[in-house]
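Shown next, in structure tokens, is the structure this report addresses.
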Amino acid sequence: MKYVDEYRDGELAQGLAAAIAKEARPERRYHFMEFCGGHTHAISRYGVTDLLPANVRMIHGPGCPVCVLPIGRVDQAIRLALKHNVILCTYGDCLRVPASDGLSLLKAKARGGDIRMVYSSADALKLAQENPEKQVVFFAIGFETTTPPTAVAIKQAKAMGLKNFSVLCCHVLTPSAISNILESPEVRKLGTVPLDGFIGPAHVSTIIGSRPYEFFAEEYRKPVVIAGFEPLDVMQAIRMLVRQVNEGRAEVENEFSRAVSREGNLKAQNLVAEVFELRRAFEWRGLHTVPYSALRIRGGFAEFDAEQRFGEDYVSVPDHKACECGAILRGVKRPQDCKLFGTVCTPENPVGSCMVSSEGACAAHYTYGRFRELPA
Amino acid sequence: MKYVDEYRDGELAQGLAAAIAKEARPERRYHFMEFCGGHTHAISRYGVTDLLPANVRMIHGPGCPVCVLPIGRVDQAIRLALKHNVILCTYGDCLRVPASDGLSLLKAKARGGDIRMVYSSADALKLAQENPEKQVVFFAIGFETTTPPTAVAIKQAKAMGLKNFSVLCCHVLTPSAISNILESPEVRKLGTVPLDGFIGPAHVSTIIGSRPYEFFAEEYRKPVVIAGFEPLDVMQAIRMLVRQVNEGRAEVENEFSRAVSREGNLKAQNLVAEVFELRRAFEWRGLHTVPYSALRIRGGFAEFDAEQRFGEDYVSVPDHKACECGAILRGVKRPQDCKLFGTVCTPENPVGSCMVSSEGACAAHYTYGRFRELPA
Amino acid sequence: MCLAIPAKIVELLPDDQARIDLGGVRKEVSLALVEDVAVGDYVIIHVGYALTKLDPEEAAKTLALFAELDDEARAAAMAQA
Amino acid sequence: MCLAIPAKIVELLPDDQARIDLGGVRKEVSLALVEDVAVGDYVIIHVGYALTKLDPEEAAKTLALFAELDDEARAAAMAQA
Amino acid sequence: MKQNYIRPLDLKHGRVDMSHGSGGRAMAQLIDELFAPLLGNDYLAQGNDGSVMPLPDGPGRLVMATDAHVVSPLFFPGGDIGCLSVHGTINDVAVMGAKPLYLSASFILEEGFALADLKRIVESMAAAAKEAGVPVVTGDTKVVEQGKGDGVFISTTGVGWLPAGIELSGNRAAAGDAILVSGPIGDHGMAIMSQRESLAFESPIVSDTAALHGLVADLLASGVQVKVLRDPTRGGLGTTLNEIARQSGVGMMLQEARIPVQPAVAAACEFLGLDPLYCACEGRLIAIVAGEDKDKALAALQAHPQGTGAAIVGSVHEDPHHFVQMTTGFGGKRIVDWLTGEQLPRIC
Amino acid sequence: MKQNYIRPLDLKHGRVDMSHGSGGRAMAQLIDELFAPLLGNDYLAQGNDGSVMPLPDGPGRLVMATDAHVVSPLFFPGGDIGCLSVHGTINDVAVMGAKPLYLSASFILEEGFALADLKRIVESMAAAAKEAGVPVVTGDTKVVEQGKGDGVFISTTGVGWLPAGIELSGNRAAAGDAILVSGPIGDHGMAIMSQRESLAFESPIVSDTAALHGLVADLLASGVQVKVLRDPTRGGLGTTLNEIARQSGVGMMLQEARIPVQPAVAAACEFLGLDPLYCACEGRLIAIVAGEDKDKALAALQAHPQGTGAAIVGSVHEDPHHFVQMTTGFGGKRIVDWLTGEQLPRIC
């Protein structure tokens, strides 16, 4: 696979590992947050940690759309399926996210909900065309990468005059989440979360471009390196971050220049702006209610807004008491710091959402990395 | 089972057989038509033929509601199920009646039609209550016995204000069918069907009483004995008919006096009159279109009339060319006279409706009696 | 199709329903088509509805008729069996 | 969730769709979010949509960077392997 | 073998309908025209409930039988799909005269099925296997989406050991043989029927589901010349005897008055217009034995707790048409034909 | 045996969900906490794909294995449910080292299923049985109403003959053993995936479905000390190795670079965010052999037409946690865990 295999080369990895080891100053520690679940996954899946020196530590950020989904949003989707008898379509990872009453979409399906996994927003649209007698709701989650395809689907539904298609819009915004972390007391005041720099999103950045990160670099004096999701991309970004730290710089650099420009994808941006508008506030798991951090469907497309169509309002639900997802998503704790990790909370019986997606910090650590903590 | 077992006693049967054999004059032949499928079934099921002298021959009449149902009526029901996606409920025997295009309700079910067997019209009503999102149609067939329960269901549906229940009314009238046979050229003019008397319906008569038959006895000079459906009832009726013939009488006699009065069930008659009115004409299989021979739902209950609700009109469809059902139902031919009997037409693959219900002349003969024709 | 069977009323139920018994099998049926039935009466049941009451005296008379054979017939019957 | 993968456009289809190829696997995707793509271009595919074109020159440059190791690092790498 | 159906299956445009699973002639046709010719081999061609095959070693032979259990409802008076799936397959091994040794079980679960119900079913299965002394040695579990299954389906396969010298088969009935049943017929079918939503009635009827290998062993040990054993499941006594008549190329004559039917079963049949001859049993044995041994066979059956209600119900004679006939209790004669279509809901 | 799941099944209020059939840890839990304890016996406790049991006579033993096949779609590139149901069960017998002798087949047909499709499926089944030399000796057919089945489900059971001296079991892997696979992994799973309505893609991928008893026989005949054989079906190589690691109480270390994966399978996995380690095979063998014999084993596999793509992919070591780990192609290390939930649609 061109543009894939080259970026996973084991020999180049050894070289990069050596370079990082050499450039990282032994007297100090480096703490970098990879914002995206995609990076978290690559690090775990390819064992990148084994190639980093001990004084370079990666902190998992809140960039997993499944992980930041609050319980109340899944509850809303379940109510649509079980109470309003809609065909509820969603991307696969959402199915196992724990919701209230011991349910999840998967378990709601086992209770008779017509819940379908789709590969694309276009598939949800197709389902609506094929089932004219049923209401079809697309449970739309995701960051800026995933938002434009939802916008396209809504526009097409309008063009086709579909009366049975709507979207439960839970699209969220990356820059708001980064701000929230940088503004958090642990980072800004207490300093309990040392944060020397960010690996910036790969695919989100193809849409929004690199410019939005410039504010963070300047305002908070944190280096940002936008990186692809392949393991060599991640290592190269780490190397670039080490260099910036060593050199006292705090700039936005773009390791993923083969796909990311400063401006991003203007066509996609325009489509999103046409269909969506900012929500005044949105609850994130772990980050609580974050102002202007998510999108809602504009008035002109109100008929495609499932919240309006079915009058199922969002009801906030507290997380499981012992679950540390919130702290983990803010980089304050690590999965292994949670008492439930690996005992009560496992991928089969996730308590928190971080144990669901393989991009979630807890799941990634459990599935790929937990051997590191155990005595051999 | 009280009032059942006594009427199936083998020893009494031997006595009655001897009595009939004695009373039947050896120099003449007796041809009696049992109008009802119930009698046909009893004769075959209990082997009554073996107990009759050779000169007493029973002719099967058109009193099987399944057998007289023309193809077009089943087609109508299938269209409701497949085209209008209703839940179509019907009594079990209707399921296998051959319809157009090689279909039957059973095969339409295998093609996705939601077709349910019910035990009672009340069950169809219950289905309508339980499935408010679906239209439920009760495919109502049967003679005067089965009509009152349909009337009750329609009245209840109206009382409950059900909006999703209707009836495809195919209820037919016994006296019209008897008239039709007596008026047929074979009986009246050609004399090719010798008919010395009738065994009158058992359960139909519990409703309509014995009085309606008096006209036939008088007008056509045919003796009628109303008889129960147990085998001793049938034999006793035959004995009574033999006596009337021998004595030159043509009266209505009532062997089934334990359940049939001269007036019948007035409450049931009133209910039927309230809900139904005479159809100007109705097509019967075998008898063609018979004037005033069936019921339709009155205007006051029009909303429960499936024909009106779905606008699915009756379309007459000719029977299979070689099928002799018509002639058999008129008593003109016997099952074994049909070329298809037992070869192309079997209970598994019935060509005509007489091969469907175990009350049908062809099915009864195939299932119970065909050993009689074959060399041992 | 006009399948019907005599069964005994063992319990009157609300909504014009009754529980009947036939050889140990019990079922709820509708009394909407009959009048004045009491526990102990026999009714003829068809598609879940009682069609009519059964008259025990007439039933006995009919049974008696079956056996009303003259001697000759009886003798013939014996010979045949 | 932001899973996306570079694939080659092998055919432009009506309705702003295209057939792409990745290692012998072909799929129809939407081009609604991109402009000016041609057969032979690589695009990044996410949930059935092409998100952006891939720039081959930048890709080559990045690859070159990976290998830009000074001699010391290279020696260390050898020792480790 | 005489075909009792004339028009061939429509393998081009035809579809499976409920009658193909009823145990009657439509099912026999599906097997004869589709399964048997394609899968054709001598073992399958034996046409029995279980097949007898040699092993690489020794004179003993293996008997193998399988049944898919799709009964609805899953729990019924006297049993459930769990014990039924054990009994149903053990009996198919036992009627070949073999000692049932081992069972396998494959479960197809419908998404949403209550684990508590699954547990009850597996408990019942385990108890039945234990009582029968035939362990479930291997299994498999699949889950299908809601609306693509019906709670749980259980397919069981049994293997048994057939010592040299025992030769039972549906094609061994001959003129002069006697036909016995081990007890009243139709209980299982009617127990299921009584639970059908649309028919629901109250009755004392409980399923007769039981493992019959003990009864079979006693019968074989009695020294009677046994020709055919079979359990009259789907299609009931009537259809099962027709199968045997066809396989053996014989006719049969039954005495209706001698066929044991419990009063409640007879009454329920009257209500529903059904014939007990076509109602399934899951714990009754049909035995066809040499005519001269019939009383000895009856005594052997009646001596076993499962055979106290046994009766001699008919005899075998020559008949090129392979009719099963019956002298009715009323004194007439009639055919007892194959079951047509679907008399019963899903019962095994 | 160490449990890899902590919270017990909710046997009171829980329901079956799709993950219970996925071949992953949820399914293992269902078996360990519900089926195994209730049906408990020494044969089932062997925990292998097939069970080994004694016969009343002689030193040879019987192997019995069963599988329910509920694959969707029924027809897929490289096969269909018919041949799959033959291969799937033969392989479970073969991996015990036994010679497969006989098969049974139980069909659960959905009302409305096209007879023409049924015919194609039975033809394919017959051809597979013939090619494998393992006849379908007995069968059963049930029909369920539309919406209570899914076209056709086929449960097959196989019996085989295990000569004295061959002892294979999932609990025999030991430190120092080598792990081999007979060819590229994930083809079957991806062939099915490519047909899923919502994922549909074009690819040259065809299922690897095949009967492996010939390959097994050659490997055993080569004189290699074989410890464990297994076919990595549901749950793929990753889950199957975890099962064996748990059964044997060992750890494993794989070399990602050595695991054969066809380019198209790898590409499809990239598209869908899946891992080929969890994609099912239906015609591949995992062989765990004594370390000293690994090259000989590789040669034996590669000498057979079904093993030309064989590779040594890892080794067994001691590990109280029974982790299966892997050195990634990238140079790092990670766990290869049990499959979580449902990676794939119904594939066998």
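Going by the order they are written in, the chains are A, B, C, D, E and F; count residues from 1 in each one.
The working rule: contacts are C-beta pairs under 8 Å (C-beta built on N, C-alpha and C of every residue); 3 or more make two chains touch, one makes a residue touch a chain.
Note that this is a predicted model, so its numbers are computed, not measured.
K.L.:
Can you tell me which chain pair comes out on top for contact count?
P.N.:
Per chain pair, the contact count peaks at E-F.
K.L.:
Could you work out how far the Cα centre of chain D sits from that of chain E, in whole Å?
P.N.:
From the centre of chain D to the centre of chain E is 63 Å.
K.L.:
Measuring from the mean C-alpha position of chain B to the mean C-alpha position of chain E, what distance in angstrom results?
P.N.:
Once rounded, the distance between the two centres reads 35 Å.
K.L.:
Could you give the separation in Å between the centres of chain B and chain D, each centre being the mean of its C-alpha atoms?
P.N.:
Centre-to-centre distance between chain B and chain D: 75 Å.
K.L.:
Enumerate the residues of chain B that touch no fewer than two other chains.
P.N.:
1, 4, 9, 14, 17, 109-111, 119, 123, in rising order.
K.L.:
By residue number and range, which residues of chain D touch two or more other chains?
P.N.:
Residues 3, 5, 22-23 of chain D each touch two or more of the other chains.
K.L.:
Touching at least two other chains at once: which residues of chain F meet that condition?
P.N.:
13, 15-19, 111-112, 263, 266-267, 270
K.L.:
Looking at the whole structure, which two-chain pairs count as touching?
P.N.:
Inter-chain contacts occur between A-D, A-E, A-F, B-C, B-E, B-F, C-E, D-F, E-F.
K.L.:
For chain C, which residues count as touching chain B in their complex?
P.N.:
1-6, 8, 22-23, 30, 32-35, 42, 44, 46-49, 51-52, 54-56, 58-59, 61-63, 65-67, 69-70, 72-74, 76-77, 80-81
K.L.:
Which part of chain D faces chain F closely enough to touch in the complex?
P.N.:
Residue list for chain D touching chain F: 3, 5, 22-27, 45.
K.L.:
If you look only at chain F, which of its residues touch chain E in the complex?
P.N.:
For this pair, the touching residues of chain F are 9-22, 27, 30-31, 34-35, 38-41, 43-44, 50-51, 53, 55-60, 62, 64-70, 99, 101-102, 104-116, 118-119, 122-123, 125-126, 129, 135-145, 147-150, 153, 155, 157, 159, 161, 346, 348.
K.L.:
Looking at the complex, which residues from chain F come into contact with chain B?
P.N.:
111-112, 146
K.L.:
For chain A, which residues count as touching chain D in their complex?
P.N.:
1-4, 6-7, 9, 11-12, 14-19, 21-22, 36-38, 63-66, 91, 93, 119-123, 141-143, 145-146, 148-149, 152, 201-204, 206-207, 229, 232-233, 236, 255-260, 265, 267-268, 271, 357, 359
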